[in-house]
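Shown below is the structure under consideration.
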Amino acid sequence: GNAFAKDLTITVWAGGSNDSDVYRLDAIEMAADLLTREWEIRGEDLNITVEKKRDFAGWSEFKQAVTLAAEAGTAPNIVVTSHLDIAPWSQAGLIVPVEDYVDLDAWPLNNIYDNLMEITTYNGVVYGLPQDAESRPFFFWKDTMKKLGYSDEEIAALPAKVEAGEYTLQNVLEDAKKAVDMELVEKGYGFYPRVSNGPDYAQFYQSFGGELMDKESGKLILDKQAMTDFYQFFVDAVEAGVTRKNHIGTEWDQWYSEVASGKAAIWHGGTWHYARYTTKEGLDDFFGNIEFSLIPAGNENGRANTITHPLAYLLTAQEDEEAVEITAQLLKIASEPRINTLHAIKSAHLGIAKEQSNIELYANDRWAAEATKRLLPHANAQPNNPNYGQFSEIMFKGLETAWTGTKSPAEAVAEVEAEMQAVLGDDLIVR
Amino acid sequence: MTSNFKTWPVTLLLAVLSLPIVIMFAYLIVDTVTDTTAGSLIPDRFTLEHWRFLFEPPQTGRADIWAVTLNTFLFAGSTSLIVVSVSVTSGYALSRLNMPFRKFFLGGVLTLHAFPTVTLIIAIFLMLQMTGLYNTLIGVILVKTALELPFGIWIMKGFYDTVPWEIEMAGIADGADRFTVWRKLVLPQVHPGLAALGLFSFLSAWSEFILPQVLAPDGASQVLSTYMQNLIKDDRAPDFNLFKSVGLFYALPVMTIYLIFNQKLMNIYGGGTKG
Amino acid sequence: MRIALENFTKTFGDTAVIENMNLEIASGEMLALLGPSGCGKSTTLFAVCGIHRMDGGRLLFGDKDVTSVPSQNRNVGVVFQNYALYPHMNIYENIAFPLKIRKDNKKTIDEKVQEIAELVHIPELLDRKPIQLSGGQQQRVALARALVREPDVLLLDEPLANLDAKLRLEMRSEIRRIQQKTGITAILVTHDQVEAMSMCDRIAIMDKGQIVQLSTPKDMYENPASEFVAGFMGNPPISFLDGTVDENDLRLANSSQSLPLSSNISLPNDGETLRLGIRPEHFQPNYPAKLSGKISFIETQGREVLYDVTLENGDVLRSIQSSGMPHAIGELVTWGIDPDKTLAFAANGSRL
Amino acid sequence: MRIALENFTKTFGDTAVIENMNLEIASGEMLALLGPSGCGKSTTLFAVCGIHRMDGGRLLFGDKDVTSVPSQNRNVGVVFQNYALYPHMNIYENIAFPLKIRKDNKKTIDEKVQEIAELVHIPELLDRKPIQLSGGQQQRVALARALVREPDVLLLDEPLANLDAKLRLEMRSEIRRIQQKTGITAILVTHDQVEAMSMCDRIAIMDKGQIVQLSTPKDMYENPASEFVAGFMGNPPISFLDGTVDENDLRLANSSQSLPLSSNISLPNDGETLRLGIRPEHFQPNYPAKLSGKISFIETQGREVLYDVTLENGDVLRSIQSSGMPHAIGELVTWGIDPDKTLAFAANGSRL
Amino acid sequence: MRRAHLLGLGFMAPALLIVCLFFLAPVIMTAVFSFTNMSSGTGISGGAYEVTEKTVRRLPEHGFPEAKAEMLAQDVYRIDPAGLTALGAGYGKALADEVGKSLSGKTFNGRRDLERALKKMKARPRSIREIKVAADLFKRSVLNTRYETEDAFVAAITDLDLKLDTSERALLSKVAYTGWTWTTENYELIATLPSTLRAAANTLTYVGFTLAFNVGFGLFLALATFYLPGAQAATFRAIWILPRILPPVIYIMMWKWLTWDTGFISSFLSNFDVTPRNWMLHSDINAWVSIVLINGFVGASLGMILFSSALRAIPSSMLYASEVDGASRLQQIWYIILPQLRWPILFTTAYQTLSLLTSFDYIYLSTDGGPGSSTEVWALYTFHTALNNYGGALQYGLGAALALVLVVIGIAASLVYLRLFNFDKLVAKPRIEQ
């Protein structure tokens, strides 16, 4: 018998999510609960059913599903996805700016890190709310490093040396080769990179001085020199026997268990891998066994860096304006530090808001604290550009052709240039 | 066969060549009820825990296997039903009836038969969207039906071709019209074709993967193929024993159907048609 | 019911299979359409029952023009070469089908089926499926089905071709018996002359879409209109001798022998070629006009023996005689011919 | 080459199709295996050529035991019912195939193929494909292929079954001619008694996997060992009369008529049942032992007419007479039988 | 039209309907799409008009006066009388008065400043959303506003008083349009991209090798089982039918289990001191062998069935004949059986060529085109381009063009095979002429 009653079904789709990522979805449910109570107090009856879906085969399938569903007018209300999707999806009118519905100046949104907010901004408009943060560091197996002759102190100082550009990828190669030669690790396990395409590889491009986007014009940049050097590094690694030629396509499952058991000397991965190492792979003493740092600089042109690739809550365009508005409220509530911390800690991601460090759960988590401190300040993100997906795809394919020896790095870059020119057209600057 | 040739060399050669499949298949079954330590091939423990998915979703956020199975049955069953019922009339028309454009239709069926189907999927998606069938099981059923139809019509035509004309002539001389002749006299002759085609389309739809994945990604219309692929692709919790159990669960109907109906299935090419 | 085909023409695509054929069959008559394979027998039959459209001419049943009446309404019964029984129905249902189609009531159907089953001697088979029947039984069922609705016309397309020798013999009399009993007008298509002769009132011999002779079996055998017909009728077949006319004699080709010619044929001029047809039963030891030759082949056929006698010019004459006479291969014999029983043909094959 | 089957046994699964059969064929002889469908004729043939293994017994070619020699090495030529020509090879290649397989050189092959093609009268067809040939021509090719490598034994499995009446007649003499010319030992499988009688030196009649009589055609016709054989041989078939022995007469069942019995059979006791077989040619108007009946069916067969005469007890006797005699259906006739030519059988079917 | 015609067409109708909906229409649409630059960025259903920072940056490159572009880039909110009237109408006079009093004539750059100002008003709307909507009433720029139609957009920029001439206005509309446009670029891309070339080459490799395996091995299976006694033959047929009838997802999973580093082969070979490796993805050779075997087994299943039924159609007497003629088994196969299987072999070859050309399920599930793009065949490339890639950059237009190439090849090939299979014989005239 209320004057105002509303029944809403809010669907949330999250891509690339695992069991540990359930709070991406559950946060919305919790927010719905809160919001319902708020309305109740106001004397209004709001009934929200949250439909959660995360069983997509992979990112490709997830994005395909979202895109097609949006075209069909059945898009979910909320998608949790890479910030990179903001550019194409906003252009296509698939998502609406979150800033049109929430007060960015108010709690809790005003507490979110500015650089993260920037990442979810495109064309000067805030399209989404950061859902989590992460970065993709380098890992060193301490035991192996010690056997290579590093003392505990030297190992502890390594992150700083990396940051200062004193320990470069060339050193990585040398150490990895030594580890292989000394049979501390098997051939091919000196340097053990990510097994599939991902933002990680853009880091190496940056390590060799590559820039992804021209700030001025917003165009993507193909720095041929940096790209060649970047490819060359992996080719060298293969030739030195520290990385396997057929490394790409290795099963993730196998990869995790290998790196978590010290089979590899040096590798790189995501901050969230921490969760997997310490739970499923049973690596109890993470800090005792592993050191982590930024991605070292490749040469004097580049810098040590890391890329953060936050997921964002995006609001899709819907017929029902009011539903969008309520959905936006849910996003806002879900971004509260306490709720977000649940996700951050459970999935070993980094927090999005400053206040999270004041939350016990977060503050007591050594990984979250240290990683946030050591990595986030240096993290940049990939550019929000509608064509970045293609750029990244072509870049990785080029890497694969060079890596697997199908082509030389120079030839691979030539092919990359041709493809990028053709596909990106005047959205590309070649250097 | 005649007594003039020895058969054991053939048996031996075939046995060796069949080894990979037999091994894969044997382990598919064994691994669902045992644990095997990594690197070893000998199962060391009998357990039913890999079948837990029957009672609880293996991970949160995953659909209930029974709902998915029901979907799959609906999908395969309806597809098979529609394919058969549409093919059964079209095949007859193409095989037996005088009508305008007959040659053109038949050529069309053959051409479609050889068509790059899934590559049209974007456009198919749009068709579904226009008809409001995107993300519904019905939509996928219709599309799958369309893709199976050329094959179905072609097969049915083959079966009709083998029915003696004299039966139809006799029916006509006995005073029946063409429709009655078809329904009362010809249709009963092509039962083997119907059964084979029905089973084949059922199996084909049961296995279909790309269409449901692209055209009905929503959980509500998930089928076993996408369910299973999602499970496998979930790269951070791989569990081969679980995959195999789900896989076996998924494959059981197929194998049952084969075991029961293999004679009927073999009929599919018995229609006197080259394909 | 009288059947008449007037100027019947049938073409398939560009090729005219039958052109301007005329044929009339009296009511109650059984006519054989006899001819070599591909001559158009089935085509004619299909036109009569309406499965093929006629491209020209008219078809009359009685006095009614049925040219454009659909099969369903022509009331013809057809028996096909392979019986065309409906394999999924039992025999009862097979026979009842035409009645069921025209919606007779169950009781009538039942009575009629029983009646016809008795007529064709299969009342005990009604529950079986066609596949459980022997060829001869299937044949009877097909006949029963064709007859059950009392058709005006019965058409039989090589109904005996698939039966074995013994059964064929039996069914011949059976079909004839039933046709005579029901008094139905029937057309029997066959390429077996014995069948045609033994079963039918008249025979129409067809060749290349034309009827070349239409006559009673006896007349056809004794008075073939052409060499084609003479060669077609008779078992063992007739033998031919070529030669030239020399007054009233025939001087055999490449031979010194000659034969007297019958007086009742209009002889062509002297020196013209002529072909003489001699049936095996008319070449016998005790016939007058003698010819000598060597026995080149002997075939024992039970009660009779067939001899091939090769004349000096290489021509072969056949003789059939009751068994018991002792002759051996290679024996030289001088047997005779009755000139009045020979058939003479002109070079173009027509009877003289 | 002599062929001998000793205690030949063949089983398929559990069912013994042939048990302990013995058969000897003299060198150069042509033997017919005659019998109803399914009696085991083909099975015997397949055992002789080695396609089926024998489950018991021995097979001798000459004096050599070939029981376990594979087909390929037995040197037999086989002509199959449907010819089994290789459709993708032309006639030349078909005939040359056995030679090519044994790697004869091209010139020899060429000569032999030409020679055999002439023997079977098909030298002009060598370039064609089997499908372009008529049935009779295909038949000849099959024969040529079987003969080309000069086999020790020629086996023919119903070689004429698929031909039409006229062609069958022709091919009969053709095959016999070639067999006689080459002097090869041959077995002909058939279920057509005319074929068996007209082509072979001796006939073996089989029934249910057993040879029931082995004899010359003439003897087989005149002296059948059993009712089965008598009924099997003869066209039109023999008719039977049942009755009981009454001194030297046969009292017909359900009838007042009786017939004198031949003096040269060993009569059973009075009152025992007996079956008399009377061939149509032995029931003639002028024969002594008269029987009356009504003509129930007439079949004109060209030079002869076949009458069915129904006696008062319902039994039917067949009579075949030269055509020309005027009888009509329904006519009451009293025709006669020659008691010495009748065949008497005991109740169990064996000849008395 | 005769009755049988109606019956025939009636019988065909359901099939025609489905075929038109899901074959014909999609083909036509694909053809149309292939001439557009449709992508996930442009959307399929059509675009809007929106001036964004990016548009503004682009404009000068197209020859748009820089100064005017600059003006477009201003996100101006001006408290003017028009805005106040609208505010009054929407949110009550009180608020309008209050805003008019304190902010009249003021200009804000960006909405957020204005929002902050509005939030200070006593009569402000309760919800933040309404404040934003209210603020938008004062928006005096087109930046970041989507206009669904060109007319609305033109009206809006006309209101801005930028003094654009017609060509500038047209240019602005063109650059601001977010939807897809017509282009033939896709075909140029196909002709020039190295990756399409590689996809084409991969397709050739794939079809060639798999086909050879399918037909050869299928033939072998059919022949081998043909010569075996019934029970054995049935067993082997049952085994070899598995690849065909098992759902691809399971079938591929079994292969992965067999070939992965931790899989059966590696585990088995480790007993012989062979280092474990991923036998499916170790090198492109490995990948190709896997792909050919995976697809080959499936194809061989089909081949086995087809050839087996064709073998059964060879009269056994012909085989007997060849045996008594002296042929050994190989001779029998070579001289008698194979020649008679010519049509089935030709058919299977033709049919499977087309299927292989257009199928990618098994590759997608197993190597997904890797390692590198070494096993990425045309169909998979199409799928990846149009629907399935990590970055979510779905290029419908290019994908459609790629698909159309396959469609054309498919139609051409099937026309060839209609000829090969003596199409006219297949359409023998109905023998009942009613």
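In order of appearance the chains are A, B, C, D and E, and numbering begins at 1 in each one.
The rule we apply is simple: a contact is a pair of C-beta atoms (placed from the backbone, for glycine too) under 8 Å apart; a residue touches a chain by one contact, two chains touch by 3 or more.
These numbers come from a predicted model, not from an experiment.
S.K.: Quick check: which two chains are joined by the most contacting C-beta pairs?
M.R.: B-E
S.K.: Farthest from chain D in C-alpha centre terms, which chain would that be?
M.R.: Taking each chain's C-alpha mean as its centre, the farthest from chain D is A.
S.K.: For which chain is the distance between its Cα centroid and the global protein Cα centroid smallest?
M.R.: B
S.K.: Between chain B and chain C, tell me the centre distance in angstrom, where each centre is the average of that chain's C-alpha atoms.
M.R.: Once rounded, the distance between the two centres reads 54 Å.
S.K.: Centroid of chain B to centroid of chain D, CA atoms only: how many Å?
M.R.: 54
S.K.: Between chain A and chain C, what distance separates the C-alpha centroids? Give it in angstrom.
M.R.: Roughly 93 Å, centre to centre.
S.K.: Counting only Cα atoms for the centres, state how far chain B is from chain E in Å.
M.R.: 22
S.K.: Provide the list of chain A residues touching at least two other chains, using ranges where the numbers run on.
M.R.: Residues 61, 64, 71, 251.
S.K.: Among all residues of chain B, which ones touch two or more of the remaining chains?
M.R.: Answer for chain B, listing residues that touch two or more other chains: 2, 4, 126, 169, 172, 214, 229, 232.
S.K.: By the touch rule stated above, which residues of chain D touch at least two different other chains?
M.R.: Residues 50-51, 70-72 of chain D each touch two or more of the other chains.
S.K.: Could you pull out which chain E residues touch chain A in their complex?
M.R.: 39-45, 47-48, 52-54, 57, 61, 75, 112, 115-116, 127-129, 132, 143-144, 146, 178, 188-189, 192-195, 260-262, 275, 277-278, 281-284, 286, 367, 370-374, 387-395
S.K.: Can you list the residues on chain B that touch chain E in the complex?
M.R.: 1-2, 4-5, 7, 10-11, 13-14, 18, 20-25, 27-28, 38-41, 85-87, 89-90, 92-94, 96-100, 102-103, 105-108, 110-124, 126-127, 131, 142-143, 145-147, 149-150, 153, 165, 168-169, 172, 178-179, 203, 206-207, 209-210, 214, 224-225, 228-229, 232, 240, 243-244, 247, 250-251, 254-255, 258, 262, 266, 268-270, 274-275
S.K.: Hey, which residues of chain A end up touching chain B in the complex?
M.R.: Touch list, chain A to chain B: 17-20, 22, 25, 52-58, 61, 64-65, 68-69, 71-74, 251-253, 256, 276, 280.
S.K.: For the complex, which residues does chain C have touching chain B?
M.R.: Within the complex, chain C contacts chain B at residues 46, 49-51, 71-73, 75-78, 80-84, 86-88, 97-98, 101-102, 145-146, 149, 155.
S.K.: Can you check the complex and tell me which residues of chain C touch chain D?
M.R.: Chain C residues touching chain D: 37, 164-166, 169, 172-173, 176-177, 191-194, 197-199, 217-218, 221, 233-237, 279, 281, 297, 299-303, 306, 308, 322-323.
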